[in-house]
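The following blocks contain the structures, represented as structure tokens.
Both complexes shown next keep chain A, but they swap its partner, so chain B is in the first and chain C is in the second.
Moving on to the complex of A and B:
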């Protein structure tokens, strides 16, 4: 395992290798080397299973972190590949030829975060959201409450409390939520 | 049985060919476009298949989801850790317990919380009861999809007995919210063990009857054998897991491969088949249902009768999970179910991604194997993959 990680660090400009016990390691790779690294892991290192692809929006740093979770069944080990892409140029190389389910993830990421994967099949088809005309909803700046209030308007009987405040005042009045 | 000795043996010899098919000329009058679902008794849950037919034969299939999208992952980023419990169980309606367990386990992993021994056993039993309940419902669905309506009446009735056990154990029939970070909410009520054993005895007899009436039925056999074959070389390129993979000989089961909870103390083998067609997958699930009954009995035998069932935890209003990242997984009825969680040290989760087996089984796999089949077999083919759409659209 350590040998493989050292080799990856040397050959693919891998950085920030972090062990996440018990059976996972994460590493960061730059955008240009990512597809080559993932292919290498699949074809030579036994990471043949793509658990999932997802994205984390670090709006404060102006980046999206794409996460590719790969699994090696023989070693019983997972590798989380992190790839940072700029929110101003949200484009990434497609891996749809490596796993059949990858294009579905890419289609979802296109819809939910607005990330482009040139060449990925049916990328611009609606996934969950039919006729969506707002900013991609999983971006941090998309405010679900504001959207809901503007879209659906106010109706009597639909008022709700801020949940934590409600717990403090109504459910645990004697404790006031101050006990640690 | 397939020997998994290296990447090439699991089907990654070359890149997948994703050339888009030639557009189909519907105006030629030769083809018909037909939607199966979302309002159709032969669809599994809230999804639909856009089928293009040449006569009775499917020449193109596209899966559509989103009819039940509630934005769970987005909601979870705006709610505190304890508030998310009312959300996670709704992600896979027939199997909420796996969501409760994995969400709790992710929080525990990141916070370094140790779960008491008794809670580990109660969680294991809870998950196996969930598996049994889900398989009973599935067997009924599979039988119904091939026109046999007696079996669903039996299995749904027995599933209700299992739901009675859940009600006793957790206070709820469907969304239990029983497994929480640090342990479980309660021990077993008095007399539970005897009632559970009685229901397990009845279930054994029921499964024998089902094998006779459904699995030995010549119509069921004729229609399901050879239908929707999955080959071993599709397993990793398509991300196929669970019974769908085991039915073609791939011996993978997280309960054995990466044991969690009390599975390393239970006696069971990974069940495999030889050719993953609809019949083989159905028969494998019947065997796994029997196995689940055995595991529940073992839990009743071995679970500690007293002791703490909850670790000392801080006031839920002040939970703050340390910054970190984890991916935890468990073997649900359909294979690998996982929770990827990223935290930043605040009282809110930074990102949760829920990985459900239906994501690939209902889309990439279904779209491939539906082509060439008869329209009458689509419902059975789909049920044979065992999908729950809410876990796709989260």
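Moving on to the complex of A and C:
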């Protein structure tokens, strides 16, 4: 395991290796060498399974972090690959040639975060959202509550009968329940 | 008994292409008029109340409660309730919990295809005010803006017992002739349709699905 990590650090621009023993390690890799690294892991190191692929929006640092979770069945070990991409140029190499199922994830990321994966099949078709006309909803600058109230309306909750507030209103009706 | 069809007032079906417009009806929905003799109408209502056929369309997480309802423990067949695979044969639409916009489109389409008289039961808190999805980007908050609701069963999630209680309440209401949600839908058709089109942006189906 350590040999492999050392080899990876030597050959690729890997930084920040974080071990989460006993079954998982995450490492951060440069955007340009990420696809090459993942291909290497799949073909040479036995990480043949793509568990999932997702994205984290770090709006404060102006980056999206893509997470590729790979699994090695022989060693029962998972490897998380973190790739930072800029929010200004949200584009990443598609890995649908490595795992055919990746294009579903990429389609979802395209819809939810607006990340482009050139060459990925059916990328611009609607996936979960139909006829979406706003900025991608999982981006953190998207205000879901405001959007929900504007489009779907809002219904007030039932009136509170919390005893303390109720007694205040009963005892001091002229002051609107304020006993000052 | 159905009112005679007014052929002059038709729907636009603007969401369809010109070719598709020839394939779909553009007639407006028609209101149901009760039988002139009250005893006959009462008898019809009694029959309706005791043969509630639920559309087997699980629209949200609450659909999980419909399965135990049908099996031996709660055995909804006792009340004449049964599941139906197609909207053409069913009379009750149970909205099982939240309705996302994508599902709402299918709900509208299925509801309009159901034969009258038809009833809508909303299960759970989500169709009332959004519930825990009150700030979601794809879940409607006020379900009664889009379809007429006859009965709410609130809770998250309501157990099958409550659903049985709700069905019995619905039966009582039908027997009393109070469940006329389908007529409300026809009378306020333009309002409902405008609300539906406000949230369903890719409207590529007829305005009324006969």
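Side notes on the structure shown:
Heads up, the rule we're going with is that the second predicted complex is superposed on the first by the 153 of 180 C-alpha atoms of A that agree within 3 Å, B and C clash if a C-alpha of one lies under 4 Å from a C-alpha of the other, contacts with A are read in each partner's own complex, and residues count from 1 in each chain.
Everything that follows uses one rule, which is that a contact is a pair of C-beta atoms (placed from the backbone, for glycine too) under 8 Å apart; a residue touches a chain by one contact, two chains touch by 3 or more.
Not measured: the values here are computed from a predicted model.
Shared-chain residue A:154: touches chain C; no touch with chain B. When the two structures are aligned on the shared chain, A:99 is found in touch with chain B, with no touch to chain C. In the superposition on chain A, A:48 contacts chain B only, with no contact to chain C. In the superposed model, A:59 makes contact with neither chain B nor chain C.
Of the two partner chains, chain B is the only one touched by A:20; chain C is not. Of the two partner chains placed by the overlay, only chain B lies in contact with A:163; chain C stays clear of it.
One of chain B and chain C touches more residues of chain A, and that partner is B.
Using the contact criterion defined above for the overlaid structures, shared-chain residue A:128 touches chain B and also reaches chain C. In the superposed model, A:1 makes contact with neither chain B nor chain C.
Common to the chain B-facing and chain C-facing surfaces of chain A are residues 126, 128-130, 137, 142, 144.
Residue ranges of chain B in contact with chain A, taken from their complex: 4, 6-7, 10, 12, 15-16, 18, 20, 65-66, 69, 71, 73-75, 78-80, 83, 236-239, 252, 257-258, 314-315, 317-318, 324-327, 329, 336, 338, 340, 342, 350-351, 353, 355, 359-360, 363-365, 368, 393.
Residues 126, 128-134, 137, 142, 144-145, 147-149, 151-155, 157 of chain A are the ones touching chain C in the complex. If you check the complex, the residues on chain C that touch chain A are 101-102, 105, 128-130, 134-142, 145, 198-202.
Chain A makes touch with chain B in their complex at residues 18, 20, 23-24, 26, 42-44, 46, 48-52, 54, 56-57, 67, 69, 73-74, 76, 78, 80, 96-101, 103-104, 121, 126-130, 137-138, 142, 144, 163-164, 167-168, 172, 175, 177, 179-180.
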